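So, here come the structures, one by one.
Both of the next two complexes hold chain A, though its partner changes from chain B to chain C.
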Partner chain A sequence: MSTSTTTAGDRPPAAPRTREATARGRVLPFPITGQEIVLIGVIVVLWVALSLATPAFLTSGSIVPLFVATAPVALIGIGMTVIIITGGIDVSVGSIVMVCSVVVAQQLVASDLSLPVAVLLSVAVGGVLGSVNGVLIAYGRVHAIIITFGTANLFRFLGLQLFGGTTVNGIPDTLAVFGRGEAGRTLGVPHSFLLMVVIAALAWYYLRHTAGGRHLYAIGGDANAARLAGVKVQRRVLLAYVLTGLLTGLAACFVIAQGTATLAPNVGDGMELAAIAAVVIGGTSIMGGRGSVLGTVLGALLVQTVTSGVTQLNWPSQLASLFIGIFILIAVGADLLRQRARRTT
Partner chain B sequence: MSTAVTSSAPAREPGPSTSPPARPSRLRQLPAALLRALLTQRIVLLLVLLVAVVVTFVVLSQRNYLSAPYDASYMSAALISAVPLVMLGLAELLVITSGRGGIDLSVGAIVSLTSMVFGFAYGEWGWSLWLAILLAAAFGGLLGAVNGFLVAYVGYPALITTLATYYAFSSLAIVINAQQPISTPPIQQLYSTAQPVSVLGLPVPLGTLTFLLPTAVVVWLLLNRTTYGRRLYAIGTNDVAAQWTGIDVRRSRFTAYLLAGVVSGLVAVVTVAQFASARPDAGTAGNGMALPAITIAVLGGVAITGGIGRVAGVVLAALLVVWLNAGILLAVPGNAGTQFQLFALGAVLVFAALLNGLTTRRYGAR
Partner chain C sequence: MTDSPATGATDAAPASPSGPGAAQERLSVRGISKRFGAVRAIRNADTTVHVGEVHALVGENGAGKSTLIKILSGAESADTGEITFDGRPVTINGTADAIRLGIATVYQEPQLFPDLTVAENVFTGREITRRGRVDWAAQNAKVVELLELIGLPARYATVPVSELSIAEQQQVSIAKALGGDARVLILDEPSAILTGSEIEVLFGVVRRLAASGVSIIYISHRLDELFEIADRVTVMRDGETVGTWPIGELTVRRIVELMVGGILEDTPAEHAVAEAEPRLVLEGLGAEGEFADVDVAVRPGEIVSLYGLVGSGAAEIAETVYGMRRATAGRILLDGRPIAPRSPREAKKLGIALLPADRKGQGMFSFQSIAFNISAGHLPLLSRLGVWVDRRRERDVAREFIERLSVKTPHERQPVSAMSGGNAQKVVLARQLVERPQVLVLAEPTQGVDVGAKEEIHKIIRSLADEGTAVLIVTSDLAEAIRVSDRLQVVRGGTTTVEYGRGATQSDVLAAAAGALEQEAA
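Coming up: the complex of A and B.
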């Protein structure tokens, strides 16, 4: 929202464009921001470099798993983008993944659920946990990071209790539709990635072209001003956390599908940080009020490219985190520079 | 525009002397005053909770509900886990108090990386212990300075900066020695020198006397008896106003992150001695050390918006959690016990946060 107002600038040549924009009744920024173009460029450069270094990289045997592995983090990232746009954050999503996946895995083993029921169950559990966060944050009026640190522990406790000190073994391949294997793709396109792209497109439309979506940006820009302008702040904030819970539930299904027939209690570890990293690399401002889902998807793709690139180059796999850290710093630095440039012109 | 927004939600008046209008009859207002003290003075609340926890477990212990006696010597032996908790809690106190969304997610990663560096210096290069400890503190400070430079001088949001450095430092810690811990003879001997010492007949872990107490005292002196402390509270409360009074806001904030790094570096030494090996995942394994440290700081009454926080609150909060955890381990033995510790930590944190919100609404911003 800040971009549109600042372009009504002091330089004369800018004037006709602004008039045209107001004539169309649109105050929306250009659909693709600079960060996203840069990200696409970086990903392309990385892919070219990696395929030169290891010829196996750009083959379908390597690229398809990369897309499949991107899907869950990107999916959680979409929800996280919505939350961060409102000025909040959710560090409990890793624990939500754990609870959802253990519930679903155990039910798959015990009562042989069908695919739709399993997905619905996972999404419902995620939604309930997300609404716990949402209610506490929106109506308890406490800082999001503190509450979600707390609920992360509570959810983890719940998950560990469900695990009961062992792993879940012999999970049937009901969810293979979302997996890496042949069952997981149509014409070479993995279903999980496709589903994630569809959801990202819906979220993009919602955030950009509906009143409800614009309200989320307004809340992130200035919650008090938004409230005075008639935005139902608490309800919108609650919605953002419930939405993230639902998406995290779906992501948990992807995680089960990508794993083996055994589910260990460390499932979901570190996913909250990976999702936040994807969001931030995608150009969403951690202060709220600015950001896009497209950037997040690209950010998740970049993170996953780095991770699998490091493995394929036979470097120590932990080195990937170092690069992710550096990419976060570069992305935020670029964002700061752009903000500064916008303020001065 | 976006930078200053987060901390401005409640219009906080820094004046401590917000005396309410005079009320009648002192006796009648006593319950109200007690309630007010309990709700607004975090230290009072923590003391009450601490006493409640200890009394509960002592009573349970005397009725033989616990798997081992919960007595003074058990409680003092449990303090070993308070050492990293209090020290990192104090590190978070410094950083969070510095304001503008200050937080440090990277303390655990700093502990990991510094552990390895300390392990190299003391275990492999044969440095003397004092020199190696100095190196650990300096190296931790250097890593903290990276955070501080990015946050204070470049203007990065603290949450993101420390998330990025968390990734970078923890990765380096693992790669630096190809995932291998360092446990050469000098480091193994470090474990035997760190045996509990007897104070008034109680086995007190050595780390509490050599590291925890000095750190707590130094941080307390720093915050309450030096100009820097007053500056830190000033920039945390309102950094624009602080700037106008002539405080070098950037430098003060930078120093807070640097000091947090130094404290984390010292925690690395304690951790190495405790494990008898320098482990590359010392501060990042499982939940890591950062989340419990932030939890302790928040529970201890440090306001996440900056400018408010006391050493006593952090210490009491850590004692509460440590003795609660120690009791849980006796009441629920084995694996389930550690799970209930997670539950207790989460529940206490959510409770404390909700209470903060309630008191702010009821008594106004403190």
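Coming up: the complex of A and C.
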């Protein structure tokens, strides 16, 4: 505001060089937000406290399952982050997990699919269901929560129909590379978690460094202004839901691998809420326009740490719900405070 | 600006002050017209914008200014007429065409993404990429140049827009518009949301841009500022361009006369107000950053209007009286007792009723029936033991008001959403009348209402005043302010300035609101 009287005439000749210097410096806000640092702190404190309380905690026998269990929720959470950044939401992912896993499990039993085919099948089914959401939301102009609430029930019907009132039994261990057992890790690192981290890194790069990724933030900030600026709003939104469907399909493979040889119709129950919880705790604004994949992965890790911790301390399991609820409210409160602080400036 | 004295009649190509070779045509429109359904928004628009000039476009609300700029920016397409750009005839179908020609528009409200940095905002939709990756360094270097041009510090390139002030955000909007190599920049009331010193900054930017050859179409209701910034002025009235004049041949008063035309001054109905102690007094009322030193007194049975243009602070004054905003200075007296309503509910308890300006957002339950809309907020009065709503009484009250206000509707169960603007407004007004308030505050009571209904609403307001209600109207419709009020105060720059009694002329008041007093004093 203060200095604005410099005219084009009296610009010093050295200006271009200093300008370039500024440009080379920080070109984006710092990659890790305050909330993510706080999350890392909370997770570290919890881990230290848990390992003091139960010596078994920080051993590989306990920490590896924690990472394995985090992987599917975090994977869905990555897609959910993209969606929530655009200002949408997808409450149908739990039902998508159910449909994908029953299709794949039945095909594994019936035609003994190979690993790549099973994974591709699951991802493809997830992609199709995600594109149903995406088309309805991008072109139907109805709010995402209404659409996905509707499709959640449709997909659920589809899944229950496929289950046919019973469980799928005798599933071969084709997907064991993603499981909790020895086959599921290399040098002690679980494959599912590793794969999730790789995908998270790609998503992080996409969101942060490509035009398409930045457009998602623009859409969440002000969809109309984005349209006026020439952003292909509908295509981006469609893409976000398809991406989430694909990732959810992969997550369904993790879920089958982590279970027993039997798949019951309650598979996927509540996963949409777990994923949304991870996203919100990770600092992504539910209003859209702000958020990061790193936060979501940390959020998923925190949620899983709380769940495992409560189990290992032999506390009543409902306490996990209490703690996760508190974390969500704190995260949403922090978001609200930020919004309010912005409005008053 | 120009100092060429007004000599003789206005000619087609007046001397422009932008130096030699100016007066070169950039954009010209001929015989443009546009209809929206039965409404002819533009009948005939003709004007020419030169290279490197600041061309002001003025006219009353509804004169067709915004439709014309929508046509130029591609948001609407014209029904007839032709547009030429640099001498070539062009068609503008959609915003993409306008952007390709280099016509950029900055709307009144900043169209920005709060969580993205300034550089990202400027480049949204046309990112510089290298191998699929956004080239941040290249973008930032370009933005730093733009920031320098518009007078913002270079370090703002990487600051999220949400951390900037409104004025700075507007400058960023201009930078964003310029990012696409704009040759015509349309600024739609850029000064409406800015304070004095911020406007100076804006003017600096506009002058610099014009000097670099950008043509600027500048829309404003603050006529006095045109004398600081504009080279030429095109006046619109009733969907037609009246003409274009160099600013040196005009005064605020002259522009107003051109805006309202010869026809003016309808005689308002007589309305007697008994001498009495004022019921509502605003004494040196102020709210940080909104308005200050507001002095108003309304007697029982009196209708007082606060007339002000958008951004003048008049609407905020009304909201403060009704408890939607807190005053930070001065006081509000009701029958001599100081009050400080903290919510509309408290204000209502004190006997102050409000007819909000934003009917759809604040005033109506669109999907509900007329009866529901009238009784909402008064249900205890219409209930047995204050619990069960007495449906029959609700219906009777609704019917009574439908008749009294001549609301055109088949029955009281009709949903408000199915009614015309004027009739819906009568219903919202009826709600306030159920409890016959001591003070009624009306914000833009006839906005978007057709002429016949307008007259009826004015009649209702007058009859309410006759029953002893003190009425305070906040309006930007000058004809209405003059017609309906016993006294009229002009709000300008967040404070009450001149007061007029019955018989004020439209051009006097409009000139005062637009800043003629300052100009004539200077």
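Assume the second predicted complex is superposed on the first by the 308 of 345 C-alpha atoms of A that agree within 3 Å, B and C clash if a C-alpha of one lies under 4 Å from a C-alpha of the other, contacts with A are read in each partner's own complex, and residues count from 1 in each chain.
Quick note on the criterion: a residue touches a chain if its C-beta (ideal position, glycine included) is under 8 Å from a C-beta of that chain, and two chains touch if they have at least 3 such contacts.
These numbers were taken from a predicted model, which means no experiment stands behind them.
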| query | Just chain B (first), just chain C (second), both, or neither: which does A:290 touch? | reply | both
| said: Once chain A of both complexes is superposed, is A:175 in touch with chain B (first), chain C (second), both, or neither? | reply: neither
| request: Name the contact category of A:149: first (chain B only), second (chain C only), both, or neither. | output: first
| query | In the superposed arrangement, does A:108 touch chain B (first), chain C (second), both or neither? | reply | neither
| request: Once the structures are superposed on A, label A:160 by its partner contacts, choosing first (chain B), second (chain C), both or neither. | output: first
| said: On the A-aligned overlay, A:218 touches which partner chain: chain B = first, chain C = second, or both, or neither? | reply: second
| field | Partner chain in contact with A:277 - chain B first, chain C second, else both or neither | value | first
| request: Considering only the touch criterion stated at the top, classify A:87 as touching first (chain B), second (chain C), both, or neither. | output: first
| request: Compare chain B and chain C by how many residues of chain A each one touches, and report the one with more. | output: B
| message | Touch test for A:326: chain B only (first), chain C only (second), both, or neither? | response | first
| note | Dual-contact residues of chain A, meaning touching chain B and chain C, are 221-222, 224, 285, 289-290
| remark: The answer for chain A against chain C in the complex is residues 1, 3-8, 11, 15, 19-20, 22-29, 209-211, 214-215, 217-218, 221-222, 224-226, 228-231, 285, 289-290, 342, 345
| Any idea which chain A residues touch chain B in the complex? | 2, 87, 89, 136, 140-143, 145-147, 149-154, 156-157, 160-161, 165, 221-224, 273, 276-277, 280, 285-290, 316, 318-322, 324-326, 328-329, 332-333, 336, 339
| Residues of chain C defined as touching chain A within the complex | 95-96, 99, 111-117, 119-120, 124-127, 129, 132-134, 136-141, 144-145, 148-149, 151-155, 157-158, 160, 162-163, 165, 167-168, 176, 197-198, 201, 204-205, 208, 211-212
| Touching residues on chain B, where the partner in the complex is chain A | 1-3, 5-6, 9, 101, 103, 150, 154-157, 159-161, 163-168, 170-172, 174-175, 178-179, 287, 291, 294-295, 298, 304-305, 335-336, 339-340, 342-343, 345-347, 349-350, 353-354, 356-357, 361
